[in-house]
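Shared between the two complexes below is subunit A, which has subunit B as its partner in the first and subunit C in the second.
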Partner chain A sequence: MTTAGAQAPADRWYPWRRALEGALAPMAALVLAWLAFTLFLLLLGKSPAEFLDLFWRGAFGSWFSLQNTLQRAAPLLLTALCVAIPAQLGLVVIGGEAAVALGGLAATAAVLPMLGAPSLLVQLVMALAGMAAGALWIGLTGWLRAKRGINETIASLVLTYIGLALFNHLVEGVLRDPASLNKPSTWGIEDRNMLGPIPGTDVHPGLILGVLACVAAWVLISRTSLGFAARVTGGNIRAAQLQGLPVHRLMIGACVLGGACAGLAGMVEVAAVHGRANASLIAGYGWSGILIAFLSRHNPLAIMPMALLLGGLGAAGGLLQRRMGVPDATVMVLQGFIFVAILASETLAGRIAWFQPRRTET
Partner chain B sequence: MSSNNLFSRRTLLAGSGLALPALLGPRQAQAADTTIGFIYVGPKDDYGYNQAHAEAAALLKRMPGIKVVEEEKVAETADVERTMESMVQLDGAKLLFPTSFGYFDPYMLRQAAKYPRVQYRHCGGLWDRTKHPMNAGSYFGYIGMGQYLNGIVAAHATKTKKLGFVAAKPIPQVLINVNSFAMGARSVDPSITVQVIFTGEWSMPVKEAEATNSMADQGVDVVTCHVDGPKVVVETAERRGMFTCGYHADQSKLAPRGYLTGAEWNWIKVYEDFATKAKAGHAPGNFVRGGLAEGFVKMSPYGPAVSDAGKARAEAAKAEIMKGGFAVFRGGLKDNKGNVVVPVGKNYAETAIELESTSWLVEGVIGSTS
Partner chain C sequence: MSAIGIEAIGIGKRFGAFTALADVALKVAPGSMHFLLGENGAGKSTLVKCMLGYYRPDEGSFLVDNREVEIARPADADALGLGMVYQHFTLVPAMTVAENLVMSRADVPAVINWAQERVALEAFMAAMPFQVPLDAEVGALAAGERQKTEILKQLYLQRRLLVLDEPTSVLTPQEAEEMLGTVRDLAHGGSITAIVITHKLKEVARFADEVTVLRRGRRTGGGSAQGLTPADMTAMMIGEPQAPANPERLGAPGAEPRLELRNLTTANDGGRAGLDIAALSVCPREIVGIAGVSGNGQKELVEVIGGQRAPSGGEMLVAGQPYDGTRELAQARAVRVLPEEPLRNGCVPRMSVTENLNLRGFDRDAAGGHRAWLSRGAMVERAQRLITGYRVRAPSAEAPIGVLSGGNVQRCVLARELDGQVDLLIVANPCFGLDVKAVGEVRARIMAARNAGTAVLLVSEDLDEILELSDRILVMHGGQVVHEAAGPGADAQAIGAHMLGSHHSPA
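Moving on, here comes the complex of A and B:
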């Protein structure tokens, strides 16, 4: 929130400088993280130049690598929204992992009673079921926070363990396909109901859904009165209550929306990748989403490049292991440096005078 | 901002320039060598499932004309498809070993259909000639008899007559191992019981430690396991003064006092054969299986705590197994609820197809599959 409202017309470059500040700070943080990581590599006796070269080739350097990156980024767009949307109200919700799994399971279960129906209808029902399951699960966290005053971070974390246990119980119990002997799975959703790749690529349509969801979330948050109300609540909850804003409904609503995004990610995993629900759905997308949401400072538009960066690190990670003989954990070290540097860079926000609104009285 | 801007164009060019000479060498070598890719679901040094494969891969690297590329901690999702494709596209791999059970369907099958000139061999025994492409295949080992020998050695070491088994999931492969361990122990002394605890996950160190500790508290004095990395179980047991029987790989270093013996994979047997065929331009076998007798499985050397009587009994049983066709699960066998699970008149050797849908725990095992 800026306090420069009254002078704003005079300083018309201020919004641009503010945007520039928002973009430059994380970039500087990335450079800093890279420098720290360079030291780490040199200590290991590995060449940073070779690392960069392989990173580029593994993540973006060829059409194959770029698709690899996009494929990995796709589910992260939606799971990051599961954190970023409630974060507008100041809620730190970290339960996306269970919402993905339960979303995928609900999407699969929804197919069973409608075998033989037209594919498009089946896919639509799957998406709705996945979103509903995710919305319900994260919405529960929002409800506990709003109505019972339970800390939403702890509630969502604990509900994640319950959700995953429920998922395993159902997949290994009533919903299990008895033919899946050594890897318990549900029944398949039939091949004809699978979502095909985006034409001309190997990337599944989850990428398009993710981008659309990010843009929609941005519009909702920064261009509607509902989003404004949410941000006011996030800024000062008491003030929002005094203004008569429906704080509780906003909280639950934001959690429901975020959960729906994560549930949709689970549905896409089932419909485009696995064809059934099993332990493969619990692949850490929910956890990575938290990282990306914080890296992008809960700005839905910034989620896209950040997901691309982490997707790229994942895509290049394999090549780095194979060519440089470094363990998988090396990429985790770089991720750690980036995370710490970007979070630390937030303390700089508003401290450099040049980016601040100018006074016109002088 | 976009991650393309993560590095300025100048650093990037400098980076490529510096790295280029270093990269030319391996690339030229690649043209002559046959590249083989290994993919692991966990870390290569987990003292368990993945290490068993990685140790064999390390031996394979010494073969002339073979280049090995490896990638660890690859999830059983679209990730493994991208990894396989990356090995084919960027490393020129001709033969791939995705070693985790969950890599097969649909991930490896899709890749095999997409790249018909690359050979894919999956560890897990799922390949079916009538359904799956010919450039795919599977190999697997029968390790149940290794657990049977573990049971015999454990029976000679236990004083409380209570053995423990930390298991991941109640699926057929795991249940066969629990049952074999119990049968081995009870072949020595039928009063022995085996307590089984399922952790629910292939790798869940906290629960594995909890299970081992709770067994120690109940008086169990020999423990074995079937989880991806037995490290936690073996270390915890050593600390609690229990004996251990290993699984997947050799864990004797983790328990120099209490390690009795262990059932280990000997994958180099398979990989050497496959690599030789690939180098000669032939397709490796599509469906390869074997146990102790075929050299797919081996036993860890006996630890200091094993008695001479235990050794003699285990060696005698091993000699029987090595003849082939040894059947532990014999007609009239009951599960721990009293139901007859092997019909009278039938005997199941380790290769019996009926065992592949095992859903029961034999008499003498304390625990339940659900």
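Moving on, here comes the complex of A and C:
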């Protein structure tokens, strides 16, 4: 790479140090969170070494546990994008939970008028319906932010409760299958319309969709003019306006795109796991997505390993609970430590002189 | 209460490897007006911050009334009666003058006996050589009145030596004269000593008793103001005896207006009158200067043309066609904006210098077509060309632009906005906070653009800049254009009177 032509010797290693800083900061935060969690375990009288061992075995140690982890990571990839894409514009959107539920519900409802249609067509329509529902819901947050100046974090949080209430109202009301007695559910989508597992595994194809979505989001953000415009808007909206960028459309567009990802996660949960929409869709995927997006500093490529980590924690939870005799919430404590440590590490960005560009000026 | 003198001996201050002050001496006689001159970064602010206890000097000592004193923290300076009037106001706009004064005391009681305070304040105000209404809300006061209130606050706090940091930068010429005259009367009356930091040599010639000049952290000269000509002081400030030459004006303005505003209005904003411009036009090869006291609609005008604010009515035409500041139209009509505070308005601080230099052109390829995929190569190539052409000093082209110095950020924005064909250029306070050399360079670039046929709208709070560059001068007051004058040979006093809003009854 050529840098700064005929002037004082340029700091050519700076881009590398910056990349290193970006990678080391979350690593250091993870280590700190683990140390704090170690203290917590010792206070409980449990062995941190045993915790690590069981976590490894429950999450990645065997083909069975690895598949379990991947299965759990799949929706997290998509819900994390629901946070990370609007974050490029400086928006903190936390409404993924409702977008997942409504996406799943819309996907189920879309099947009703299509009984007997070819499976592939039904699946395609389900995916589109799920994405449209999520896009609409999060897009509403973006619209409120862009056109009415309403704080997008509060709007998305409040809309989550409204969305979940709407979901419950429909599932327990007009869309309810009268045969579902103990657990109110919609009608099923017919077995033949279910998405089969990835050949050779038990993992559903949502994982592939999630990975593709992450890669596509990364390309969009870092390699296209549209993504560049979004990053400029997120970095300084006044500068973006001065450049004539359509800041409102970019904001709404990013929310629509993020919502579509979360809606797709809901569709996959219905089409590959539950076969119908019910309270199982409200499993905290949306909330975990927020954690993952922040852990990966809103970089879609970093979302993949972080989703794997969080999916692994979920997969190992049962084993940890049974073998160590710790409550289920212990894993939540670890998640909490990680979140706080990551947020704290953000404030250190740019403070450590070694990572900063070397000044050549006097 | 009487004035005190201060003397600094051998003051040295380093920040890491950077030497901000080296062996600086300063002697200020009690009851004098002492002007401290120097370019940006010369060490003026560092010196007064050492004096007021915000920094601890690495070497040297201070004498107050010929006795050595220890100034380790701001409270020490306060106890000695040293105070500072900042460039930017430190009063609370939503509170009255009386509330601001009482609140500024170190010993405000938990419950304020307002009846008692009123009596004390009125007695204090009556004893002052100038008055400000105690019940006026500070936000409603004019800039000059606010600056007076700042000085009153210092007197109320029993300060006996005041440092004024560029006190006239936000004032009209008339307000500035009055304010500095007031300070001089106070000083010569023996109640305070004043140290004034300034860039304006005219003020030095009129108001200074003594002068100290700093350059690159060293004292380069000074003495009695009578014995120094402006050329002497400029030489001490910039090291070579030459003021920035006025850039040459070539060719006459075109006839067909490139920018036209007709009955342009904006909504009122927080009680401030919105824009109401009946007619304004800028022709090719013409610089139209907009003079005015800050807060009279200039900012709104730039925001409307730049697309940061929506007008509530009227027409904006560029080359005869309606214009709204969107990217398509800005690119099609070659409209560029050099905003004030370029880091805040024109850059993305955490994106790299390379990326910031490409904000105008990242989505266009060489043929002018739309580019959906970013071209890293084209971006680096353009950035290198601009960095070299405008002598931007950056540690790395990949460094965030936020780490650059103000002058280098301004060069980056200038480079980006002047790159390629520019038909209409909007410029706002382009030299604010730049040193003498950078100012000369920026003005020369703007003049060169004009000479090449660009229509330039120059909005500036620096009247000297407007007088130097403009072909035509408009004065804004209360959101309206209230006065028009030809640029060369304009009457600064008349313009100043209109800036103050006295166009109804000429001063």
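As a convention for this text, the second predicted complex is superposed on the first by the 344 of 362 C-alpha atoms of A that agree within 3 Å, B and C clash if a C-alpha of one lies under 4 Å from a C-alpha of the other, contacts with A are read in each partner's own complex, and residues count from 1 in each chain.
The criterion applied here is as follows: contacts are C-beta pairs under 8 Å (C-beta built on N, C-alpha and C of every residue); 3 or more make two chains touch, one makes a residue touch a chain.
Everything numeric here is computed off the predicted structure, so don't read it as measured data.
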item: Partner chain(s) touched by A:52 [first = subunit B, second = subunit C, both, neither]; value: first
item: Partner chain in contact with A:14 - subunit B first, subunit C second, else both or neither; value: second
item: Residue contacts on subunit A - larger count, subunit B or subunit C; value: B
item: Touching partner for A:283 - first (subunit B), second (subunit C), both, neither; value: first
item: Touched partner set for A:225, first subunit B, second subunit C, both or neither; value: second
item: Touched partner set for A:174, first subunit B, second subunit C, both or neither; value: neither
item: Subunit C residues touching subunit A - in the complex, by the definition given at the top; value: 18, 306-308, 325-331, 337, 339, 344-351, 355, 359-360, 362-363, 370-374, 380, 384, 387-388, 391, 393-400, 403, 405, 408
item: Residue numbers on subunit A that touch subunit C, as the complex places them; value: 1-8, 10-12, 14-15, 18, 223-229, 231-232, 235-236, 238-239, 241-246, 356-362
item: Residue ranges of subunit A in contact with subunit B within the complex; value: 23, 26-27, 30, 34, 47-50, 52-54, 56-58, 60, 62, 64-65, 68, 71-72, 168, 172-173, 181-184, 204, 269, 273-275, 278-280, 283-284, 302, 305-306, 308-309, 312, 314-315, 318-319, 321-323, 327-328
item: Subunit B - residues contacting subunit A, complex; value: 1-7, 11-12, 14-19, 22-23, 26, 43-44, 69-79, 82-83, 85-87, 89-91, 101-102, 106, 124, 169, 171-173, 200, 356-357, 370
